[in-house]
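First chain A sits with chain B, and in the next complex the same chain sits with chain C.
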Partner chain A sequence: MPIHDQGYRRYGGDKTRGGTGWIVITRAGIRTFFAKRAFLGLLLVSWFPFFVRAVQIYAATNLPQAAFLAPTPETFRQFLDQQQIFVFFVTVYVGAGLIANDRRANALQIYLSKPLTRAEYVFGKLAILMAFLALVTWLPAIVLLIVQISFAGNFTFFKNNIFLFPAITVFSFVQVTMVATAMLALSSLSKSSRYVGILYAAVIFFTQAIYGVLYAVTRSTSLSWISFSANLSQIGDVIFRQPLKYDTPWPVSLMMIAGLIVISGVILERRVRGVEVVA
Partner chain B sequence: MTQPARPAEGAPGLLSSAGRVFDLSLGQMLWSRRSVFLGVLLGGPVLLASALRIAATLYASGLKINGVQAGGSAIFGMMIWLLYLRFIVPVLGVFYGTSLIADEVDDKTITYLFTRPIPRSAVLLGKYFAYLVCTVLLVLPSVMLVFFLVVPTGQGAIAGAFPSLVADLGMLAIGLAAYGAVFALVGTTLRRPLVLGLVFAFGWEPAVLLFPGYLKRLTVAYYLQALVRHEMPQDSAVSMLMQVFREVPTVSTSLLCLAVIVGLTLWLAGRAVEEREYVLEQ
Partner chain C sequence: MTEGDPVVTLENVSVAYGKHLALRDVTSSFSSGAVGLLGPNGAGKSTMIKALLGFIVPERGRMRVLGVDVAESPLEIRARVGYMPESDAHIPGMNAVSFVAYCGELAGLPGVDAMQRAHEVLFYVGLGEARYRNVETYSTGMKQRIKLAQALVHDPDLLFLDEPTNGMDPKGRDEMLELVRDLAHNKGVNLILSSHLLPDVEYTCDQVVVMDKGAVAAAGPIAALKQPRGRVYELRVKTPTGGIEAFLQRLRAAGLDCHATDEDVMRVFVPGEGGARELFALASAERVQVRHLRPSVPTLEDVFAHAVGEE
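The block that comes next holds the complex of A and B.
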């Protein structure tokens, strides 16, 4: 058997641009979830409020008797508020296992042995969750705005409330970023996605319950900063130019949200690490 | 397809097998990391109660609700409603109930249990009783501490409120049993039980309780809330709406229905475990 040249040969293929590894993770993750029927069902159910609102807008623009249903900026704020429960379920469904399952299967080492940085890995995972959350918050709200324009047949409402497009976008981004980073950080803390899901539910509902007790005792809403849902609601009201629901100053609520994102980032930085082999 | 193992001649019966699984599982549950976490979670109400007690001690006027001095029993009742009944009991039920069998499947250790000469449903039953003992051991001390910290504030009397504490402890134990059984069924029949469990506990139950009619009878909370002696708090618009549509079944009806829920769901879960083929991921 002839032995051919065994000398080193340079790689002749194309080099992928650096910093794009996360796209592969995101694409694969999104495809995985779209293949699940139960998840598609959840997405469909989460669009139900959109259909109800669309009917409301249709009735308000076409039936004089239903003029009292005419949309206002508050309608869009309320719509995003109503989507919170779906945000919770989508977050648990998609996010709980994002890093936990990789840790369970020891796949983190395999990921990080590829030309992929830790930041790209985290960003790829984050983008999966953010994409799905945007599908139940930003997208239906924007489509609702378009539906209003098309049913009304004019741009009057849109022009009068020109801030709605940036408001929907900014609020959805704040909400999605807070929720996604918190869930991803929790997911990096455990190998069990069930445990992560419960941890997330505890963070959301327990802080709300504690605030509920404090409100019931003091009858003051100034302690609403304890609840992450209340903080989000407060920031939402500021962005949509609505009267504030709580006495907590909105910068405090914003600081709590920013604090949660920063803490989540620190947790991710510490937990998402490959195995260091020391000679 | 593998057939369920048939108990050999002279093999232990359902209850004694369940007893052995109970022995094994209780130690595992009590000293697991998740119990430590749940202990920390249950420490939350205790911390809150301590803070309220300190506040009541520091301010001579005590804690006020709508300008009126709040009694310790009223605050304790609020904490039972908002923290334990609406949050901790369902969460513990979802967490432990759904993982009774699912954890063994995830860890690929279900094979070791199913190859023993015991009925498969004994595994579920033993684990369920271990869950019940473990959660009761976690929840009841927390409630007791909260009671002794909060009730004496605002000139409340511990002796006078003690019968209500006993009723609360019983109600919480029944709640843990009912939610645990329901979620054990969910955990044995579904591949991804957590999401459905959370949808039931935090989506279906609070939503349906707001509607008039019969739908609320398809919840555990409807029967459990009838056992609460404290007044429902008016902490939000949702709570007020709930109060408006609130129908309270009699205590005996509630107890009977909860017993039926526990019995039926455990039986169905046992059947599911007996008949289902669990495929372990490679």
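The block that comes next holds the complex of A and C.
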């Protein structure tokens, strides 16, 4: 073969079968964000409450004077509540451009010309955001539980609150799934990640503001189902066996969350296509 | 699928965007090798490619690519084809080699192989020196090349190239056409090249499917389509009266297709084997002097114009 002919040759190796494309997307997405210093800084800051709680647990288990700081199931519930601000920032930073940037660069037709279904594409993108959100919710909460066991030197707290591990897992999953699908759906609506970020913030704060106004007028928390944050909080309290903050029945809150996920799925189904058809 | 079978077949395929019919009951086949998909803008070329990739579901009809039914196994097809879209397309935030390797992995190549082939393919398309640059900083010509690279990285059996020379300068265009020609003729890659540029298709392809208004207007080997069932002559004459209308009418009465292109110049199509001798006979009978007679070689442009009904 002449040297000038060596530039292109047929491929003789094996190709993997379909169904694994989403892993490629997720892996590449995670790698991309880990290469950004600003994002690493955000992740580091999001773990600051964890260190504060770890010190609290250390003090409670080792210093009799600080026994009043001893962790309870509510501690973990509060910790996950505190993490919501980081959930917001990570969602906006990571999620806003996940599909919007692909739409801006016409990348969807590249993706979908490969042996990849639309569901795999969406799942791959979803997994990027869910992985990072789990990194600021589920992971620190679970590590905090392990820290408690380590500092206490026994399993007493863990055994007495055996529901904590599944509670942390289920609540984190519900929170992460709701937030990630909603953000991904918004991301598919625009070609501008900045606009998507603003839209997401607007949806969160607007629903909360409307509920605030209605509460001020009616003095009743039964309309809390309007606010997505309140719905999440209501479900969190049920999962962690805490007294409910709002009068809205928790199944209603759960239905609102499920509804949001379904609507997001429908939007994604309509928006993620290899060709934009304007009929 | 056996050798010699068409790589793509369409049977009564209709595609509509709302009320607008983009493909009208198209029945056609594309043989192996390089086939040009020719037609003016809006003829339905890109729609056909997108339907073949499964991006658009036809209203009716059946399509097969590499022997596989598009409706039944679109993923199997996409694993074996490469697609170079018409519009600018890339994965944002990646340099060229990462982008092409990523596309390779999406197409099912193992990571190491994808990276190795990404380097090879980028050198092949002429982006070897720029492969670590972010794709977003590329010029239009470079973006065309990288689109070809991502379509090639997984070594497809069939390439869909949608307007591959769009926006390229003359030198870049020539190089791109050379690459396409090399792929088809030396590397054994089947390809369908969609273009509205006749010279591009004529240079790179052996066969052509001409589309117009969502339907196939002509199809076949370019050489055969260019073969006239008669000959075309360019003719300059001097008539006793000064006008050529009477002579034109005489030619038409004799069954020749002709039209004036200038005051004393005309193009005449002489069917059958008669050729120039018949023209001279008619001129002599009309006492017309033939000052210039040149056989005109039909081009793909003639085929195209004839197929879409242009003069």
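Things worth noting here:
Quick note on the criterion: the second predicted complex is superposed on the first by the 263 of 279 C-alpha atoms of A that agree within 3 Å, B and C clash if a C-alpha of one lies under 4 Å from a C-alpha of the other, contacts with A are read in each partner's own complex, and residues count from 1 in each chain.
Throughout what follows, a residue touches a chain if its C-beta (ideal position, glycine included) is under 8 Å from a C-beta of that chain, and two chains touch if they have at least 3 such contacts.
All values reported here derive from a predicted model rather than from experimental measurement.
In the superposition on chain A, A:219 makes contact with chain B only, while chain C stays out of contact range. By the touch criterion stated above, A:92 is placed in contact with chain B alone, chain C being left untouched. Among chain B and chain C, the chain that touches a larger number of residues in chain A is C. By the touch criterion defined above, A:14 reaches chain C but does not reach chain B. In the superposition on chain A, A:115 contacts chain C only, with no contact to chain B. Of the two partner chains, chain B is the only one touched by A:197; chain C is not. Contacts of A:32 after superposition on the shared chain: chain C is touched, whereas chain B is not.
In the superposition on chain A, A:162 contacts neither chain B nor chain C.
Residue contacts after overlaying the shared chain place A:206 against chain B, while chain C stays out of touching range. Judged by the document's definition of touching, no chain A residue lies at the interface with chain B and also at the interface with chain C. By the touch criterion stated above, chain C contacts chain A in their complex at residues 17-18, 50, 53-56, 75-76, 78-79, 81-83, 85, 87-94, 102-103, 105-110, 113, 117, 120-121, 123-124, 136, 150-152, 154-155, 182-183, 186-188.
Residues 5, 7-11, 13-18, 20-21, 24-25, 28, 32, 97, 101-102, 104-107, 109-117, 273-275, 277-279 of chain A touch chain C in their complex. By the touch rule above, chain B contacts chain A in their complex via residues 34, 37, 41, 44, 48, 52, 63-66, 70, 75, 78-79, 82-83, 86-87, 91, 94-95, 98-99, 102-103, 106, 192-195, 198-199, 202-203, 233-236.
On the chain A side of its complex with chain B, the touching residues are 38, 42, 85, 88-89, 92-93, 96, 192-195, 197-199, 201-202, 205-206, 209-210, 212-219.
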